[in-house]
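Report on the following structure.
We just call them A, B and C in the order they show up, numbering each chain from 1.
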Amino acid sequence: MAAVVLTMTAACGSGNPGASSNGKVTITFAWWGNASRAKATVAAIDLFEKANPTVTVDTEYTPFGSYDQKIATQAAGGDLPDLITVDRSVQNEYAQRGMLADLTPYVGSTLQLSGLNSAFVASGQTGGRQYAVPMAQNSQSIVVDETRVRSLGLAMPQPGWTWSQWQGWAQQVTTKSHGKYYGFVDPGTLWPAFQSWEIQHGTSLYSNGKTHFSVADLTSWWATCSQLRTSGAATNAQLTATVDGLPDDEPLLKGHAVAEWDWDSLYTMYAAGTTDKLTLVSLPTVNGKTGMFAQPSMMLGVSASTPHKAQAVELLDFLINSPTAATTLGTSRGLFPNLQVRQSMAGGATGTVATVYSYEAANASILGPTPPAPPKGDGQLLTLMQAMYQKVAFGQLTPAAAAQQFYSQAQGIIGQ
Amino acid sequence: MTRKAIWHAGLIVVLVVILYPVVWMIGTSFKPAQEIISAVSPWPSHWTVQNYKAGWIANPGVTFGTFFANSIIVSLGAVAGNLIACSLTAYAFARLRFRFRGLFFALMIVTILLPYHVLIVPQYAIFRSFGWVNTFLPLIVPKFLATDAFFIFLMVQFMRGVPPELDEAARLDGCGPYRTFWHIMLPLVRPALITTAIFTFLWTWNDYFTQLIYLNSTSKFTVPVGLGLFIDQSGIADYGPMMAMSMLALLPVFLFFLAFQRLIVEGIAAAGVKG
Amino acid sequence: MSVSFRTRAVARVRPGPVRAGKRGTRSPGTAGYIFLIPWFAGFALFTLGPMVFSLYLSFTNYTLLSAPQWVGLANYRRMFTSDPRYIHSLEVTVQYVVVSVPLKLAVALAVALVLNRRRRGSGLYRSLFYIPSLLGTSVSVALVWRAIFGEGGTLDSTLKVAGVHTSNIWTEDPRWALWTLVLLVVWQFGAPMVIFLAGLKQISQHLYDAAAVDGANWWRRFVSITVPMLSPVIFFNLMLELVGAFQAFTPAYIISGGLGGPADSTLFYTLYMYIMGFQNFEFGYASAMAWVLLAIVGACTALMFRFARSWVFYADDGDRR
């Protein structure tokens, strides 16, 4: 029995990855996502393989929660896939650690970046060299359940509203529904929401690879969120604590709130979860500023240690420029980076996808320039924010005390 | 008569409470998508097998059947490994005398104490140097080399529960340690062997983290990794198929357990310890 | 088989020196080593190296993505002096261990005792009680748990029936979240239950019959026969549940989504270690945490082994340490 099992498992052992036999090269491409994204991606890859018969692509995909750990383990073991999807918050870390190949030599030849917005492309640079390329674009939005809002006899929130206008409106939602729904999901745990807040106030999260936000900035942000919460406009502490990025946990979809901060690329996911009509509205403003910008939802990078850089770059170029790739990949990651292709796709878009396109089109003029990639450690601040604000929400810390703790910890984390 | 009835009744009441979550899971697997998020009652108002169909073919290129097959290979392999290696090792610690026995026993216990998360990175590097990444080998071969100290310890305890007079008797008959092990000890600790088999199968069947780290291609994924694929920020309304596949995944382990737990009872009866 | 050997042995007692085995080609010492060959190989190949390496890492800064840098005792110092989250994770874990282990073992033993009868349906009942443990700690279990203890969940509905109105989301309430995890773990008492059952079956019915003849009641039989005869198994279960509880990871991971929330109330020790190692890429710090855990659990284990002599009864009369 043991012998049988061992033989079977040995037979299942993979051969030398990337081995060239009859001139064929095999590369691996890794991404995170669920099964439907996998289907779309594999279909796109099949198209690439047809167009490039000398290249075979092995795919690896895992759920987002486990992705970074798996990549880190593979990196430590010297086993990185050739083409990797890179999360924005670790992009600089990977680049500085020498995990990603410098793509600058390929730009203009195998790798065509001219069809993308230049600031957008520049966000993939570290120290002036191109280490990563954005794979898709999204921007910030507030998802609003229009059906529920109208059922309460209220008007929809308007683009350009200030925070206090939003608060007033949200309070009305809570009152009119007799506490059944909150107006707003408390955004205090969301690091990207704080980033927009900083831009709205004319400053930024980071500068020159170090933190640029101050304790006062963070305190005012958390105080505003707390106010939303205590005034009844936003969800209570327990509901706020359920926000963890997973769609089915979103209070909007569970029917606890009618407006929620999220990336617009996730709109189709929200829409699939309810029969209500959902609308996208731009962020609340401060002095007319929304703090919205074109965000790369994820990056693509090539492993520095792969012997097949050229082929990996070819696949990369295909995934960001090819019209067939665009149609097959769909919008689960965000809008296609190549602007011309995106335009032609927008023309043919229908249903919930069309909503995302029209939202981006309507806001194109107010989108700020893409900030550079965050410094090393940014991902940790994301989770630290959740932990810290939950303490504020549950009354264990005041916004000021929590902001001070957060700030001191951030000093130890960023730019290490 | 009434005592028996009370025994049954009491057990059933407790079971209802304990199994409620499982009932909820079964019910959810038969609910259409809209009902899953909103509904409070465990029973579907519209029964559907859509989730089972969708879950089966959810991933490109493979069906959930592939995940099942892979899990069976890995789990059975692990069972074989543990049964052989752990019983041999336990016998040495429980019955044989040799230098440094105490030291090695302590070392063995220490291996249970270190959390596996920390060991996995250097272990990954070792397996990679063997070329075993993306195969089932890292999940099975260590079992054949007695790395599951939990079961070594389990068997040691059971073996120490066997009266040494039996060993003595065998020795007087001229049996060396090997024959004593095979003819005397193993049959007498059959409950421990069955327990080892059951738990190894179960824990390997449900082991997410190690299988995630070592398996890269979708075609090699096992059930827990496959189930994890249903939950991701990019998707919604996959809870139905996930529940359906979880229920299917429950079946083999339940049947495995049902079949073997009886042997614990029969094994003891056959071993003749009672009288 | 054992019966036949026994009678043959009795029939064949003879005077004179008894050698260990007529074969006599191996001394008693080497048989042990031969049996241990698989373990030696496994230990050397897969355990020793990683263990030593992780100990080394605990004295370094290691991000997984570049070479480790030696920092001496800095990690250990940081844990105990400048990391409140670490201390908090210790508190959470100790609370969890102290409550869940006795509770789980008590439930497991109670159910095993009740099921230890040759009644019709025993096998089926055994399997049914075991089902929760079969589920393991997968995402589907997290879903159910949140559905039951979440907003408008089963617990809330049940309490409403009893007249208690609350819209508490128990899994998101820092005061209660940990206890929902304890409940989850105790709910999965199947493993120690099966081990107890196996151990109970090994207790000779003779002893109970003799005691019954002597007029001992149920409690007396339990205390004087069951507990002592079961003591090696109790010890085993106790030790392993204790170690397992200190190392508990997956329940907290799946219910809190890997965050240890809400407000760090479910931040188990190994969860924090995992966050530091795999999410914050401070693998050296995580390794240091692992070794501190080993020291703590090792100390508990050593204490237990020491005290075991006073209450654990082995058939081979404890000729060990």
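Heads up, the rule we're going with is that contacts are C-beta pairs under 8 Å (C-beta built on N, C-alpha and C of every residue); 3 or more make two chains touch, one makes a residue touch a chain.
In this text the structure is predicted, and so the values were computed from the model without any measurement.
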Looking only at which chains touch which, which shape fits best: line, ring, star, complete or other? complete
Of all chain pairs, which one counts the most C-beta contacts? B-C
Round to the nearest whole Å and give the separation of the Cα centres of subunit A and subunit C. 39
Report, in whole Å, the distance between the mean C-alpha point of subunit A and the mean C-alpha point of subunit B. 37
So, in whole Å, the Cα centroid of subunit B is separated from that of subunit C by 15
Contacts with 2+ other chains: residues of subunit C: 64, 278
Which subunit A residues touch at least two other chains? 65, 69, 73, 76, 245-246, 254
For subunit B, what residues touch not just one other chain but two or more? 84, 121, 144, 228, 230-231, 239
If you look only at subunit B, which of its residues touch subunit C in the complex? 4, 7-8, 10-11, 15, 18-22, 24-25, 28, 40, 84-85, 88-89, 91-92, 96-99, 101-102, 104, 107-115, 117-119, 121-123, 126, 142, 144-147, 150, 152-154, 157-158, 160-166, 168-178, 181, 183-184, 187-188, 191-192, 194-195, 198-199, 202-203, 205-206, 208, 224, 227-228, 230-231, 239, 242-243, 246, 250, 253-254, 257-258, 261-262, 264-265, 268, 271-275
What residues on subunit C touch subunit A, complex-wise? 63-66, 150-151, 168-169, 172-174, 257-264, 275, 278-281
State the interface residues of subunit A toward subunit C in the complex, per the touch definition above. 65, 68-69, 72-73, 75-76, 93-94, 97-99, 237-239, 241-242, 244-246, 254, 256, 377, 379-380, 383, 386-387, 390-391, 393-394, 396, 413
Could you pull out which subunit C residues touch subunit B in their complex? 1-3, 5-6, 8-10, 12-13, 18, 20-23, 26, 28-33, 35-36, 38-39, 41-43, 45-47, 49-51, 53-54, 57, 64, 114-115, 117, 119, 121, 123, 125-141, 143-145, 147-148, 152-154, 157, 187, 191, 194-195, 197-199, 201-202, 204-206, 232-233, 235-236, 239-240, 243, 247, 249-250, 270, 273-274, 277-278, 283, 286-287, 290-291, 293-294, 297-298, 301, 314-317, 320-321
Looking at the complex, which residues from subunit B come into contact with subunit A? 34, 37-38, 58-61, 73, 76-77, 80-81, 84, 120-121, 124-125, 128, 131-137, 140-141, 144, 212-213, 216-218, 220, 225, 228-239
